[in-house]
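Shared between the two complexes below is chain A, which has chain B as its partner in the first and chain C in the second.
Then we have the complex of A and B:
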């Protein structure tokens, strides 16, 4: 736990020094402006919940993805990777701690989005089930950290995949039903969509705002389950990578 | 050698650098399935919102707006790629050379508006018909010209911002993202410019995208050639003004850097 906390704090300190790492805090209000304007222009107040909540999940996903891609490669470029790996602390825990920090930062975006909707359009988003809402946000950020640790390992295994890092944004926003609920996506896409934790998060967040929250525990269990699956796969993959590079002495070259 | 010929050579050499950079970044496969796929997903993302609003007119509006927007996103990458010069340690050498920085940086990132034009055209001509946006063969050349104009004129807006980001390269991604998101919000991409307060509309008129997008929508609505040409003319004027502003900003930066030597060799 101490390793996790130290990694968490380190990543927050890093974010303070490099504003680009928390660029979502600047882009989320603008995305809110764009989405809410579409709903207001179409005279569709029912669209408000999606318009305010989508930028939060988008920020969560894009920030974790960006960090997942940069985390190990930047340590390698700075020459600190060997030293980190040589310490007794589990490297997978360090990665997970750092990714949880960025996922937490992204939650600030909800306050920003809410304020933009209220101050620019007079739209007030009320939350019908605050407990479900908060639980969903917390579980989603943890699930994001877990999923991102898997991606982080994948980026190390396939450095060329970094070029495709950007590619993993909008297709997942679509699959995750961030603006258009999964129920309105084509039937053949829905099973695939349910494998992405974002689809459960977006449905549950919308339900917790407009109510009734229905079988909220099913959705929450799915978010946690998919997050844990990502974190475990990521830890196993990172462990396998480290064993291989220790054996071959190619840590700096992987 | 005249100043014009000299500037042209600088742009040409710099553009060769841009081509090399693009080749090093993408293969045809990673560009097609990576970049293009991502941008088409972005257009689809917004278009499905139109469908969810149960309005084919909204879907049509969003498809056209967001298809054109893709070249803007890519053209604005000039803000980021210009800042790479600082990281690579070439900026002090560029500042010391007799070449004007504006022409170096104008050529340096030309890969983005070219690639962006292709992306936008694939979205408009390939994805558009899936959402009911169709074009006749006679409209295609006009469309190509307007998309190219959008990409190049927005590139000039990006160049202006890039001149400032060279002094604060840590903020390159923020500036690039904010730049294109502001355009996405106010230039008529998602909702008409008239939706916003008047003062926002005034700002929107200073951005080339507002005019080129109106022209593209005019082509889609079979508007008269005069209307479209007028809109394109305003976009050319706006783009030229932004290029002029970028030239002034780069010149001041170059003078300041030579005097104070503030271009470091790293970030």
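Then we have the complex of A and C:
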């Protein structure tokens, strides 16, 4: 746990100096401005929850895909991967701690979005079920870290990972029900959507704001389950990759 | 099989037996295998400072990488303080500190202290003990006044010092230093030698790869020469050069031309060179020839003369050969 905490704190310190992590703190308020203004213009107060929450989840996914997904590859390019692997710390734990730190940045985005909606449009987003809301936000961040560990390992194996990263943003905004609720997606797409933890997160966050929260524990269990599945798959893949690069002698890119 | 051992003890710090490493490079019809280590045997006693000398591609870094577990051997075994690098890598990692040379391998956006805090934590050093250790190391490598500055702004030599501190952050018994003075200015390199001397007094074992002959001569108990993945020789630096009488030289000043001609005609004289105005260097092939050259010079009335023992650089060039800038494939 101490290694996890140290990795978490280290990544937070690094994030303060890396625009690719904190860029979501700039884009989330801008997306909020766009979405809330659409709702206000269309006289759709029921759209407010989506307008404020969508930028938060978009930030979460964006961080998972672009920043966290690059974490191992960047360490490899920087020459730090070799030195980390040479320490007794379990590498998957180090990665998970750092990814959790990246995910926690998205929590700040909620505060930003809420403030933008209130200060620019006078729209106050009240939360009907605060406990469910906070639990969902925290579990979603952890699920994001778990999913990102899988992505981070997978992208090491892909020569054109950056192209894939850029391609996977908007499809997952849709699959995750971030912009359009999953219930509004075509029927054939919904089962696939339910494999993405974000679809459970977006539904539960909206429900916890407007109430009733319904079977919130089912959604929360799905988020945690998918996050754990991502983390376990990520740890296994990271282990397999480390064994491979130690065998092939390609741990460091020189 | 290369089998050039150093003097070991019952419990060596590093014990390598039949160690081989082959890299596969290229794909399909262009694929080929490169042998980086060719079944070497090596023993480094506890508390010893061992130098590894060799040209680029000799296999020095590959050996270091296997010993710190980031690279798997193709064959053979390697043990650090009794722990096998393949079977028990965690135990090896706990006892080894590694320093890879160069600009890379640090988080440039963070300051020196933050870097060391991370590496310490990953080695299981936490809390007050970590703070004390980091402060002491920053002081020891001369970066205490720059501890809060971003590493991006450091010179290459300062980064190298930070690499050294990182390697020592877990207080390891065995240190693998892969060209640790690369990029250091002469003053810092001199300080590094003092640091290695302190490490010796603390009873640590150091395996040091270097191209710097003076450094190897100054700090190493023994030097192992490597080339093409094999070990060529392991000796104390002084003995290594003393054993090569064929590399003896005679230097003299104000040598008359007649004497130069006479020396040139002696059998066993390898080379006669004018070094600078009035200064002559004669390379001989044996001690007997050296005596003959000295006799000729004395007979010619030369009073400023002497023999020159081969430096470690001479020995290095003798074993490795002069291959200019070429790197083996």
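Methods note: the second predicted complex is superposed on the first by the 249 of 254 C-alpha atoms of A that agree within 3 Å, B and C clash if a C-alpha of one lies under 4 Å from a C-alpha of the other, contacts with A are read in each partner's own complex, and residues count from 1 in each chain.
One rule holds in what follows: contacts are C-beta pairs under 8 Å (C-beta built on N, C-alpha and C of every residue); 3 or more make two chains touch, one makes a residue touch a chain.
Just so we're clear, the structure is a prediction, and the values are computed from it rather than from any experiment.
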Which holds for A:174: it touches chain B only (first), chain C only (second), both, or neither? first
Quick check for you: in the superposed arrangement, does A:248 touch first (chain B), second (chain C), both or neither? second
Between chain B (first) and chain C (second), which does A:1 come into contact with in this model arrangement: first, second, both, or neither? neither
With the two complexes superposed on chain A, say which partner A:18 touches: chain B (first), chain C (second), both, or neither. both
May I ask you to decide whether A:47 touches chain B, chain C, both, or neither, giving the answer as first, second, both or neither? first
Quick check on my understanding: which residues of chain A belong to both its chain B contact set and its chain C contact set? 18
Going by the contact rule at the top, pick out the chain B residues touching chain A in the complex. 25-26, 30, 33-35, 37-39, 41-42, 44-45, 48-49, 51-53, 55, 58, 62, 170-174, 177-178, 181-182, 184-185, 190-192, 195-196
Enumerate the contact residues on chain A facing chain B in the complex. 18-20, 23, 26-27, 30-31, 33-35, 37-39, 41-42, 44, 47, 160, 163-164, 166-167, 169-171, 173-174, 179-181, 184-185
In the complex, chain C residues that touch chain A: 21, 23-24, 62, 65, 68-72, 90, 93-94, 96, 98, 100, 102, 104-110, 114, 117-119, 121-124, 126, 150, 166, 170
Chain A residues touching chain C in their complex are 2-3, 6-7, 10, 13-14, 17-18, 78-80, 82-89, 94, 246-249, 251-252
